[in-house]
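Heads up, there are several structures right after this.
Look at the two complexes coming up: chain A is in both, with chain B in one and chain C in the other.
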Partner chain A sequence: MRPQRFDQAKPFLTLALVALAWLFVPAVAKRFLRASFYEIQAPVEVTADRVRALQEFWVLKTHTNNELIAAGRETAAALARYELWAQQQEQLAAENARLNSLLSVPPLPGWRYEHARVLQRDFTAWWQQIVIFKGRNYQIPVGAPVVFAGGVVGRVREVGAYTSVVELISSPGVRLAAFVVGDTRPMVYQGGENPAFGSARGQAENVPVDVVATPAAPCRLITSGLGGVYPPGLPVGELVSAELGADGLFKTGEVRLNPLLARLQEVSVLVRLAPEEGMALTPALP
Partner chain B sequence: MARIAVPPSESMAARQSGNPRLQLFYGLAALLLLVLVGGLVWRQLLQPDLYSGRERTQSERRLLVPGPRGSIFDREGRLLVGNRARFAVTLALDELHDDFRQEYQLVRKNFRNAADSGRPADISVAQLEQIARTTVVQRYLDQTNAILGRHETLDQAAFNRHYSQQQPVPFSLVSDLTPEESARLTEQLPVGSPLQVYALSARYYPSGPAAAHTLGYVGLDPDARVEELPGDDLTTFNLKGSAGRDGLEKKFDAQLQGQWGGTIFRVTPAGYRVNPPLEKISPVAGQNITTSLDLDVQLVAEEALGDMTGAAVVVDVRTGEVLALASKPGYNLADFSPRLSQATSADIENRHAWSNRAMASFYPPGSTFKIITSIAALRSGAITPDQLMEVACEGTYTISAGQIKRCDNGLGHHGALTLSEGIAESCDVYFYQVGLLTGADTIAAEARSFHLDRRTGIELPYEPDGALIPDAAWKKQHVQRGAWFPGDTANMAIGQGDVLVSPLNMACFAASFARDEVFTQPTLLHNPTAPAQHSERTGLTPAQRAAILEGMENCIYGPKGTARSINQPGMKIPGLRIAGKTGTAQFGNPSARKDIAWFICFAPLDAPRVAVAVAIESDELGAGESLQGGQAAAPVANEILKAWWSKQPKLPALAPF
Partner chain C sequence: MTRRRRQILALLLGNYLLIAVTSQVNHAFSPWQLRLSLGGLLVAPATLSVGFRAGATVAFLTGLLLDATAPVWFGTHALLLLAAHAVLYSQRSGLAREETVVAVVAALLANLGIWLALAFFLGASLSLPGSAAVRLLAELGCSQIVLALIGPWFFSLQVRLLTMAGAKLRPDEF
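Our next item is the complex of A and B:
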């Protein structure tokens, strides 16, 4: 019989051996295992989302017929309104294209929208990300900007077979060049450290010294389009403070993000079109 | 007899304990142990600071960052010199330790393979490390080039020097990025990349060449000015700061300089930084300076001087604040930021544009000096205002046998004149006689009482001590066969000979005389609550002063005034009455003669607020050519006054001083 002491240490020894063996596993195998784990995990998230959708369906079924009819009418009215806006948008785009051709302005890079349902939201102090239900099956590229009706959502960080992870704009890993509305001097927006139960916030750096922002009179931040990742004009958030930095060259400030980021249900991934893929389509958000 | 048996071990122990050699060994061992313990106590308990200090010195480094310089504003709060961001993409070398090691292993392997295949591979470890480092840095530079669409190349010598001397300081890969380029890098570089966009501070001159000589410029200062920051015993690296090299930037360097900040951090044995830092002190911006300059007036003064060589000075009569200090030719301060190129420096040199002619060029004042001569003559009682001179001006005046002096102004036939007429028409013959009646010493004393023989004390560096009011003693000391002759007195009376003053001297004189006082201290600092300057009175009676003022007024508004050109339609300033005096001084050798066209004035005549002095150098002139003060300098002063007057439409009428 082996000494009892060794039996007690056996799990730790095994763990150490496995860890040691992991060190010698080729990098290709490690990447494969990681990707496989992600792909296996994805159906769980899809199923959970479907269950949530089913719950919502049954919650809606508890409403009376009259309530459902009224909601249907409101939806139809909203749809009609949006269709009208879409038509106006098309007319403006056509007029814009005509003027561009008259002035021989080179076309802006075109974008394709990929609307995707949000499967999972990690909106905690540790993770600021969402998982969306589109991946390589819709040619979603890593690094693509993601938007919603309220502005910038973030940037695609990982792409799976049919899901993708989007790093939210509130994450410290997201940085972009922004303008204050009405100004053309670029500043740097970067996600910040976010409290677990607080509203999403970010940081603005290189803010021109003459920009004044307070919580009562915030300045709207939009994407500059200079960085080459995000199209110009997308809302980022509101600059609610701006204080002169130690270098005296710029101010730094706090940016209040759209609270709807925490309750996203659908987003759009902007996939850049190759130049030969037709007309330029610059996103325009309300 | 029975024997008592003793156990063998006991007997051995007893024997050993009494063994003197063993006892000596024990003693030695104890002594050695005591030495060790004593040494330990000495080092650990009695000298703890020495070793903790050595450990700290070995494992900690200090990085110093200069504070941003203060800005310079004009009297109305408009920015003259500020700071602008100069974006650069930098590479944090201390985050590349693993990259360097992996690349080194790869490079070493390649060289070994090459050696195995028969190719020579005689290379040292240091060379391999250098190749590895260069390869890694080049890779990051390629990444930057790909984003920016540039084709920058690595300055290998600069990189090696930086790595060996400034390793904890980020290495600048590409500098002078445009805001668009910096935005592109900001968005496309990963947040955790060792490549980062860094904003450096550089001087910014929104008005370009305006007041270049006055504002001055800065140069790189490799030395950190730190006295109160902790860690002065540590190995220290510092970013380059800036120091004023000329003008206000130099004079007020101590105030403009920001306070240095710094970071103390731990390093690995290989010298790479360990984050987070142990201590961090933020730099503090320097103080701002509000100058007395009025940007509008300054710009007009420089524009009016145009391509001419010369200077214009505008002084607030009440406070002595300098509203404009223009010197031409000038240079564009924007060329100095971030650094002046050799070609531009050579161009400035060739154009003789370094000199601040308003303050550092000394010319004979010409006929503008006749005001001094007049004051001296009146105060000494040598003449009265209405007195006619013995000899009427017919173009020449015989001082002594064989010494005939010409009247260089107008047609040279002024006839019999009073003092005010002599000033208005600037008759040399009249003032030769006034000078001889007054005497050289009296005129020199009067000029010195107006501080025309010394530095003005303006807040600018390198103000030369070039002003000169000669007299017999001076001539005897400085000139061979230096006897003082009546001709010298006559020359001095009309501001010729050895008299030398700067345009700033003459502007201060004009301001002083406008107040009927003898001294104006010029200043380039604006103080909105500054009281009016006051000094000793000139000592002129009202009638005497009125005679001189009448002459200065008629110089412009009289039918024979030498500055009547600025009273012509299109030149005249409505609502502003000016008192002025022209001057045309000869300068240089007869073979390479130059004229200096002068005009000094103050306005409004009844309640003076501003005084102006303009001096313009001619090119080398031939026989019969001249550059007259009334034609060249007076219009410049007129433009300046027009600009100044246009800003004072609602000033209430002020009582005279």
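Our next item is the complex of A and C:
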């Protein structure tokens, strides 16, 4: 009969042995395991999304004909406005291309929009990420920027067979270079504070001392294009405060992010095109 | 298939279901920046109802499921759940395991332990640990309340799954 002390220690000895063995498992094996366990869970997210879509469908089916007619009129009006803007956009793009050719400016890299439905949102104090319903099946690359109507969403962190994980700009540790609209001096945006029952926020560092921002008169932040991940001119958020730092050279401030970031349902992944493949994306400046 | 393997599969199926449901609830709660964490409930039923090796396998594999979708070092949740299993298993002979209240309290304590360990390991990645503490405490409070509410249902589900798999322990095996 084994002594009782050994029986009591057995769980902890096993734990120590497993932990030690796990440290020596090759990285390739861990990567394979991670991908396998990730793909095992993907069908659940897809099925849940399908159920939600069905739920929305039946909710819409309860609308009366009069409500549908009114919605149709609003949609027609919006469509007419967008058609006009699309024509203006084409004219501007043509003008831009003509001026670039006159000045012999090398073409900017082009982007392809890949629209994707958000399957799952996972927001903790440590990370903020979403899972989207497009992956290797649509040639989504790791590191691709992701945007929505309100601006930057984040960048693709992981790509699965038919889903991808996107790290949001509200995630702590995410950093990108940004400008205040109308200024060309870059500052550093960093995701950070995400209080419970509130909207996500970030921090701005290296803010020039002459930039003044208050909650009543915030400054809009846009991507600078530095670093090569995000195209320039995409909205990031609003700088709502700017206080002089301890060094006296720069200010630090708080950035209010778009509250819709926490309710995302559709996003667009920007996939970089080869120079010969397409025109440069000209993001709409706010 | 051996009885132990059937136990592992049945318990893993239950845990997979709980992870799926929790992820959907977290999706719905995301506009409020709130996330439930029910790690203790993933460990306690296996620890209290099957042998050490089967329970350890369930805890480790369930942890890997959690690790696969989280941006953490692969193995963090697996080793934490295994540690919670080891601690709970070493104390289980002194517990009235067949009592649901005792099992739920054990799950609550395991959840608290896992959460504290996770906060300790991941806390360094937060840029503003002070303000984040309020959020973490709010999440912990909500998680514990939800765990206490759904704990009896989940323990019952796991027992039913074990019975269906023909792998439930007899009373004399406890």
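To be clear about the criterion, the second predicted complex is superposed on the first by the 255 of 286 C-alpha atoms of A that agree within 3 Å, B and C clash if a C-alpha of one lies under 4 Å from a C-alpha of the other, contacts with A are read in each partner's own complex, and residues count from 1 in each chain.
Everything that follows uses one rule, which is that a residue touches a chain if its C-beta (ideal position, glycine included) is under 8 Å from a C-beta of that chain, and two chains touch if they have at least 3 such contacts.
None of these values were measured; they are calculated from a predicted model.
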item: Partner chain(s) touched by A:Arg34 [first = chain B, second = chain C, both, neither]; value: second
item: Which of chain B and chain C A:Gly173 touches, first, second, both or neither; value: both
item: First (chain B), second (chain C), both or neither touched by A:Lys134; value: neither
item: Which of chain B and chain C A:Val188 touches, first, second, both or neither; value: first
item: Which of chain B and chain C A:Lys251 touches, first, second, both or neither; value: neither
item: Chain B versus chain C as contact partner of A:Gly227, first or second or both or neither; value: first
item: Contacts of A:Pro11 with chain B and chain C, given as first, second, both or neither; value: second
item: Touch count on chain A, higher of chain B and chain C; value: C
item: Chain C-contacting residues of chain A that also contact chain B; value: 172-173, 190
item: Residues of chain A touching chain B in the complex; value: 172-177, 185-186, 188, 190, 206, 224, 226-230, 246-250
item: Partner chain C, residues of chain A touching it in the complex; value: 8, 10-12, 14-15, 18-19, 22, 30, 33-38, 40-41, 44-45, 48, 120-127, 129, 131, 157, 165, 167, 172-173, 190, 192-200, 203, 262-263
item: In the complex, chain B residues that touch chain A; value: 67-68, 83-85, 147, 179-180, 182-184, 186-188, 191-192, 197, 199, 201, 258, 261, 282-285
item: Of all residues in chain C, those that touch chain A in their complex; value: 19-20, 23-24, 26-27, 30-35, 52, 56, 60, 64-65, 67-71, 74-75, 78-79, 82-83, 85-87, 89-90, 122, 125-128, 131-132, 134-136, 138-139
